[in-house]
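One chain, chain A, appears in both complexes that follow, with chain B as partner in the first and chain C in the second.
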Partner chain A sequence: MQALLFILFAGLAIGCAISMVAQRNPLYSAISLIGVFIALACLYVTLAAPFIAAVQVIVYAGAIMVLVVFVIMLLNVEEPERQPMRLRSLVPIAVMLAAVLFAEAVFIIYFVQASPATPTRNVSDVGLTRSIGEGLFTTYLLPFEITSILLLMAIVGAMTLARTSGLLSSRAAVVPGDQVFAKEMLDRQKYVDLLTPVTAHSTEEAKRLLGVEDQDQSPKP
Partner chain B sequence: MEDLKHLGLLMIGILVAFTVVMTMVAYTVLAERRVLGFIQGRLGPNRVGPGGFLQPLADLLKFIFKEDIIPDKSTRFIYFLAPIIATTAALMTMVVYPFGPDVNLPVIGTIRLVIARFDVALLYVLGVTSVGVYGIALAGWSSNNKYSLMGGLRSAAQMISYELALGLGLIGVVLQSGTLDLYSIVEQQAGHLGISGWNMIWVQPLGFIIYLIAAIAETNRVPFDLPEAETELVAGFHTEYSAMKFALFFLAEYVNMFTVSMLATTLFLGGWNGPFVHQLPWLGVFYFLGKVILFLFLYIWLRGTLPRFRFDQLMSFGWKYLVPAAIINIVLTATLQWLGAFDYVARFLKTSTGWGG
Partner chain C sequence: MTPQLSWYLALSAVLFTIGVVGVMIKRNVISMFMCIELMLNAVNLTFVAFSSFFRDLSGQLFVFIVMTVAAAEAAVGLGIIIAIFRNRESLDVDDASTLKL
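Showing the complex of A and B:
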């Protein structure tokens, strides 16, 4: 039973991984990656680590990949035509890294077989939520706190990077209630300082203050 | 042999739970149309069968025999995959809810009315729910329709935002009961007459409200039904879906309603606890389903009463009010827990007495 489940989920994981690399459509790749994460979570369950499995699904499949899919959906990437491979110089490095990975796998298999696993103490509560929580907040408190601060820094960093340029390109100006304009369209004599917001009670007034010339002459409905 | 019996019981359990939930979901749809009708001063569907009782069957037949239209330029594989993901994710959470206490059956002996009881049941529910987002997002993308895409994007953004509030709202309960196992959480809520121990009333009122609001948003229901706002987006992410594939989305929405109601019942309303459950264990099942029906009625009631939020209101409400409130709830619960307030309350409310508790 255990072996059957392992073969099923491991096969699924490998299949999805290959599909992820081989697909040309980025959305298919993303979906394959989700498949890999879910298959791995199932493997964790068979390895008696339900907490890790649940967290794997929530964090990777549920949160990170949703953002990836979101971005792909927004960009709506066209299917690229088959191009000659760029970065040909990277091929030898890729082959070398693959060889290292393969060697690692062989090494692990060899040594696991050379020295069969020693039973860990008190198997029954390993991988349960309580033991993981106790471990995190006692033995591994310092690494846990360091990781938290690292993540906090990443959040603050992301906010700072996103805010420097603002939501708009620095070459655009907004007329409230109307639309976004390129700054070239504004009357430079009338409105020189582009950083100060203008106060206006209507779109028309804002346009006048900013000196936007009405580009389209079509009659208003 | 023992294994085989266990497996057989499991299969029967899944079948029974599935049948019960599906039937109740079908009749939720009917109840929704009838109750909305009464709220709006009309009758609602009452032609098929006595009092409209066979309407769900008629709806199903209609869905099966409708023409299945597939948009020409859709991304075919994902277009087919999306409703499957949505429905599967919705149905998968059903296995962890405790429908009732241990009961005695004539031949089999004592069984536990929960299909799978495990250590991280609550996290499992959250994980599976978070995968359900893909169904809607991918449906919107693959239809190759701007309204669908907008609906899909909106729903993905909304569900990510409110999932956070939902999860944070639940942490209070977890802190207080010290476990993620739904069965133990229900057991801890026994009290006088099986009522006084409910988490909602005494210990987690704020968490309950946060969860309720976030759950309505998670299931894309009024007043948070932006992903399918028909005045702006035709029908949102399922604009291009017809026949059985549309039915699957419809089913997923109602099953989701049902499962979040089950979670609310389990965590906040004491699950199957109620008067005289200890003498008559089967009563527990009726209490459980009855409480779920209360929540479903609340959903329908809200739909008949409230208008829809604007998208920016939805986002600012989620991030600026719900998430901070949930964090306050966590800090408050942790402090009270540390001071031992909950133990004090539990001494009065959660010790079961002889009569019924």
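Showing the complex of A and C:
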């Protein structure tokens, strides 16, 4: 029964992985990758690791892949035409090297049998949420805290990469012409009467009113 | 017949190899990114298999941390991809062959 489940989910994982590499459309690749993640989560369950299985589905198949699919749909690149393969002369050498690698793998699988016996599994509490929590907050407290710093760095890095310049985001770029700004952003000492909207007639005037400097001075390509 | 540890290791090696092949043959940045995720998952499978067969908790904790790193990588990596696309109007890695944005 266990072997049947392993073969089922391993086949599913490998099939989805090959499909992911073979697809040309990134969206289909993403969906195949979600299949791989689900199959791996099922394998984790058979390995008596239910917590990791749940986290696999929630974090990988949920959060990360939603982010990837979101970016794919946001960028929405049309299919490029097939380019001719460069370095075509190297193909026979690549095939030969692949054959050598395959021969090595076969050699190792058939002739290296003297591996130590693996211990047998029996019922234990390894993999339960309780034991993982205890390990995470006692023995492995320092890596856990370092992980939080890593996440903070990821947040700051993503924000820095996402916005282009200065106080204003790229969406709220200051454009020439008549434009009304949010009153909270303006200098309150200078404009006591906050009930009337303030109008700027040029980019420089808007920048002066907002008190921001455009950091991105280089012209866009 | 129960699955042996070597079965899981073989499956992990196969998945990792597929990921490496994908990184090498893909031209789309997002596809390469997903292949890297596949490689991370193959290593996670190795960790969980060892942890389960040797009844040691450390492997699963390491998987937890690897998942956190993968999430951070997804956030920053996709930010970089969007920045590249904004500047070059392309997701082809051959178009982004210089470090200058």
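Please note the rule applied: the second predicted complex is superposed on the first by the 125 of 221 C-alpha atoms of A that agree within 3 Å, B and C clash if a C-alpha of one lies under 4 Å from a C-alpha of the other, contacts with A are read in each partner's own complex, and residues count from 1 in each chain.
We adopt the following convention: contacts are C-beta pairs under 8 Å (C-beta built on N, C-alpha and C of every residue); 3 or more make two chains touch, one makes a residue touch a chain.
A quick note: this is a predicted structure, and the numbers were derived from the prediction, not measured.
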Chain B and chain C placed together on chain A: clash or fit? fit
Item to complete: Once the structures are superposed on A, label A:129 by its partner contacts, choosing first (chain B), second (chain C), both or neither.
Response: first
Check your understanding: Given the touch rule stated above, what does A:63 touch, chain B (first), chain C (second), both, or neither?
Key -> both
Q.
On the A-aligned overlay, A:74 touches which partner chain: chain B = first, chain C = second, or both, or neither?
A. both
Return first, second, both or neither, reflecting whether A:31 touches chain B, chain C, both chains, or no partner chain.
first
So, does A:107 touch the first partner chain B, the second partner chain C, both, or neither?
-> neither
(request) Once the structures are superposed on A, label A:54 by its partner contacts, choosing first (chain B), second (chain C), both or neither. (result) first
Look at A:137 in the shared chain and tell me whether it touches chain B only, chain C only, both, or neither; answer first, second, both or neither. neither
Message = One more residue to check, A:18. First (chain B), second (chain C), both or neither?
response = second
Comparing chain B and chain C in the superposed model, the one touching more of chain A is C
The superposition places the nearest Cα atoms of chain B and chain C at a distance, in Å, of 14
In chain A, both chain B and chain C touch residues 51, 55, 63, 67, 74
In the complex, the residues of chain C that touch chain A are 1-8, 11, 14-15, 18-19, 21-22, 25-26, 28, 30-31, 33-35, 37-38, 41, 44-45, 48-49, 51-58, 60-61, 63-65, 67-76, 78-83, 85-87, 90-92
Contacts from chain A onto chain C in the complex sit at residues 2-3, 6, 10, 13-14, 17-18, 20-21, 26, 29-30, 33, 36-37, 40, 43-44, 46-49, 51-52, 55-56, 59-60, 63-64, 67-68, 71-72, 74-75, 77, 80, 115, 118-119, 121, 124, 126-127, 131-132, 135-136, 140, 143-144, 147, 150-151, 153-155, 157-158, 161-162, 164, 221
Interface with chain B, chain A side, in the complex: residues 25, 27-28, 31, 34, 38, 41, 50-51, 53-55, 57-58, 61-63, 66-67, 69-70, 73-74, 128-129
The answer for chain B against chain A in the complex is residues 75, 77-78, 81, 118-120, 123-124, 126-128, 130-131, 133-134, 137-138, 140-141, 149, 152-153, 156-157, 160, 163, 179-180
